[in-house]
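Next come two complexes built around subunit A: one with subunit B, the other with subunit C.
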Partner chain A sequence: MDELKIDLTVMNEEGLHARPASQLVQALQGLECQVFLAKVEDGEEVDAKSILGVMMLAAERGTRMSVRAKGKDSQKAVDAVSKILSDKGGG
Partner chain B sequence: MIQTESILSQENLQLTLLCGEEGLTREITKADLNRPGLELAGCIEFFDPGRIQIFGGGEMHFLYEKGADPAVGDIVRKIFTSELPCAIITNDLPPTDEMLKLGRENNVPMFGTSLSTTRFYKRIYEYLEHYFSPSSLIHGTLVDILGMGVLLLGESGVGKSECALELVSKGHSLVADDVVRVVCLGDRILNGSCPHLIRHYIEVRGLGIVDLSNLYGIRAIRKEKSIDIVITLQDWKPETYVERVGIDRQVYELLGVELPHLTIPVKPGRNISTIVEVGARDQRLKLMGVNSAMDFNERLLKMTARPKQEDTNAAKQGTSD
Partner chain C sequence: MNDIPPKELELRGLHVSLGITRGPAYVLRDEGFHFPIHSIPPSQVESEIERLERAFDETIRQIEELVSGQATAEKQLVDEIVDFHLMLAKDIPRYTAERTKKLISEDLMHAETAFHKTLQELIGLLGRSIVSRDEDVADIGQQILRNLTGKDLADFDDIDEPVILIAEDLSPSLTARLPRDKVLAFATTRGSRTSHTAIMARALEIPAVVGVPDLLNQIEEGQQVIVDGDRGRIVVNPTDRTVQWFGKRREASERRAEDLLRYRTLPGETTDGFVVGLRANIELPEEVEAVIAYGGDGIGLYRTEFLFMNRTDLPTEEEQFMAYRAVAESVAPKPVTVRTLDIGGDKFLTSFSAPKEMNPFMGWRAIRFCLEQPEIFGAQLRAMLRASQFGNLAIMFPMISEVRELRLALVALENAKTDLREKNIPFNEEVQVGAMIEVPSAALVIEGLAPLVDFFSIGTNDLIQYTMAADRGNERTAYLYDPLHPGVLKLIKNVVDVAHAAGKKVSVCGEMAAEIEFTLLLVGMRLDELSMSPITIPAVKRLIRSISLVESVPIAEDALSMTEPEMIRDYLDEKTRLAAPWTSELFESEEIPA
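Let's turn to the complex of A and B:
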């Protein structure tokens, strides 16, 4: 099974708050893969398709995040996550 | 890792600081404790400076009597110049002047407690265990159904949160939705709680994020709960194996602990929350020694076994005739 893992930095001014988090979850909905998101510093993964999970990370601007996707659409998932995390504006 | 200061704020430990305030930033790196009796008696080779040192009645009375002995004084010095997180004297016993002096010189926090050594051991271990036990974040939902901690698992979108919401509206309580912090206590109890930031919140598709404690009041929520059973919700497919009798015990392993496990197929028209509730009730019955499936099978066996006996009797009669 395809498994991809990359590290990214949160670029959004206000961090990963409700709006970018919901964009993230929305973008991953329906993709055939599991996606996990964690802060690099502690490595504790949450399900990136869960809005509460993503928001629980309380990732601020500049936080290093690791994304791990497993399954058929893992490439699409990683692309979607990196697009949203690197978006400076957001919300 | 936690700082020594944190134990001072635990009221149930009844600690008072005797000296070494500057050392309160020392770090506690493990839940292990030590009573330095063996060290004071001269065996210092195996001394582990990473542990909190607890001076009980035995150690203190030894020091009151033998503290003046240079050999003993040397060992006390070795203990207090090590990296120990702190020293604690139980039973409200006074420290020796030497201990106070060494504590002040080396910024070693020293506490006194009115508790007996055994009681203190138990309480501080309970506190430290929470920090140093294996823990994990689980994607799932934890509810309390009639005192049973039920961990709902399943892929996102399968309906865990909706199921939890229905259970709450039936009178049960929610511990955590979507993200559960699981800590293994004492090697066999899994304690589930909710990460602070999202406590009491639940995400319901179509509604968004709602606060259950405001909507349903205090009875709808629980801060933590031990996990008694795992229930996986699974999209129903004709080919998936589904338990139909319930005689075989399925288990789910989490942090090295085996929990009873049920898999419930989800399809339109099935009332998942009722099934989950019955699953929890049935598990509770099992814990009390009543196993519905086994009882039923025994009843069935009585029926099916009887004709066989009659057959053999008949066969015997047949041969005798």
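Let's turn to the complex of A and C:
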């Protein structure tokens, strides 16, 4: 089974707040894989497909994050996460 | 460790309704939800869990309906929020369901009590983060709670023994459904002397303390509480010693109230023979009993809003007629002044969906609303006119701002009279009509208003807030809301002087009339009548009976020459204590012995 793991930095203006968090959850919906997010500093993983999980991370701008995806669509998942986390714009 | 009794805790607030009492706390949280603490029988576990799951599903379904329904220009933004909420509605059970079910099945909690607890824990987890929007989580959580309880507000059907009601604030619709015989006292976080909670407490004659900061975080359901409405404090978990001490104080307080009752049958007459009419403000026909018990000279303000609230339809003319007639007959031959509908502001009509306003107190309310609703207004005026046949009933228009507006109101009254004459329905052709002076502009054009009416009544609560541009319920601006501000006093003085010159009587029906610290001033300013909560009549009467008009007039003149409220307050306190030494005991401080 494919497992991918990369580290990223949160670039969003206000951190991983409600809007990017819900975009993230939405982008991952329907993908055939499990996706976990954690802050590099503590390594405590949350389910990236859960809005409350992502919100509980409370990741501010500049936080180093690690993404781990496991399953058929793991490449797609990692791409989606890195696209959303590196989006600086306020929409 | 749980065997240590919880510590006694004294909290301070504003005393808004007299009396001392003790009982278990009944706590309303999150805008009126109540979470029962008694255990469910084990046989109920299964159905409680089913209820929880239904509420989860129902919430998701309700939000899904919103997704399909949007087709506006803001579609994208709205959809984004709705999508977010939908995710939350699906995700919240994931984090709370297991623990909630455990609380239900093992701790035998009610589903709403258990879910409220786990929701608070979840919000607590999110609260540490500055990027999370925990208000959205709370919002969806509340929606689940509403679905769980099947209602928007507590209906109090789970009160068994009399309780102390603890809440953020009590809305008019909430107080309207209170079981009267089961509530011993109120204590709230918000509110002021003139807020709805305070007015209701005095009407129900139960002790109340409002404006207690952080109250809901310091009290738990079922804990013993003493409410001291004389001093404005509450004690949570009182020790036996404290309970005894309050018991003695309560006796003294009741003795004082009994003393005052001796004044019931005596007139509100100064030592030099000047009679001030002491009337009552009421909201409900049931309060007439108290008016008579406390020796009121009739009713100076009968608020009619309650007839219109907590229902989905409008009261019929017939229904209103019966209510007004009942009040008029029960106080006859003493007079009753019925005020036409004063909705808007902090009151509302459930049967009529008024548009949301940015600034409701400056907006479409009272006479402004009625003049644009001729059917509602006409039905009320006809009902009042018909009731004028039975007893001594006068009609009063609220919130008049200008002469033209009063003329329009009088045209509506004439139209109602014409309708009745055409149908040969009898009414008192000589019915007296008055205007309420609550808007500063009206207080300054009494010359124009006086020829049109028979009397004026000054609604000081609103007059003060409109004069000072300060919301009486906002703790940040409450310091400006002062009946003794010279700006307010000059307006009152102008109303009295100009109205008297035109031969019209003037009363005060705001809360200012009920405070003995203002009585000397109001008598000295030559007010003809004071109208207040029934329970406050005896103390004001006792004070009036111990002062003279001859001494009051120069005191009022002196007060009016001062430029600052504090100077006026100190001056009046001193003069009041001098004229009536018994009043000083009402001001002295009393500490709970350690």
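We take it that the second predicted complex is superposed on the first by the 89 of 91 C-alpha atoms of A that agree within 3 Å, B and C clash if a C-alpha of one lies under 4 Å from a C-alpha of the other, contacts with A are read in each partner's own complex, and residues count from 1 in each chain.
To be clear about the criterion, a residue touches a chain if its C-beta (ideal position, glycine included) is under 8 Å from a C-beta of that chain, and two chains touch if they have at least 3 such contacts.
Source: prediction; values computed, not measured.
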item	value
Subunit A as common anchor, with subunit B and subunit C clashing or fitting	clash
Contacts of A:64 with subunit B and subunit C, given as first, second, both or neither	neither
Partner chain in contact with A:44 - subunit B first, subunit C second, else both or neither	first
When both partners are placed on the shared chain, which of subunit B and subunit C touches more of subunit A	C
Touching partner for A:52 - first (subunit B), second (subunit C), both, neither	both
Touching partner for A:26 - first (subunit B), second (subunit C), both, neither	second
Location of subunit B clashes with subunit C - one stretch out of 42-50, 168-176 or 240-248	168-176
Contacts on subunit A seen with subunit B and repeated with subunit C across the two complexes	18, 50-53, 55-56, 58
List of subunit B residues in touch with subunit A within their complex	136-137, 139, 155-157, 177-179, 195, 197-198, 201-203, 209
Footprint of subunit B on subunit A - complex, ascending	18, 29, 34, 44-47, 49-53, 55-56, 58
Complex interface listing, subunit C residues touching subunit A	80, 83-84, 87-88, 91-92, 94-95, 122, 125-126, 128-133, 136-137
Subunit C-facing residues of subunit A, complex	14-19, 22, 25-26, 50-53, 55-60
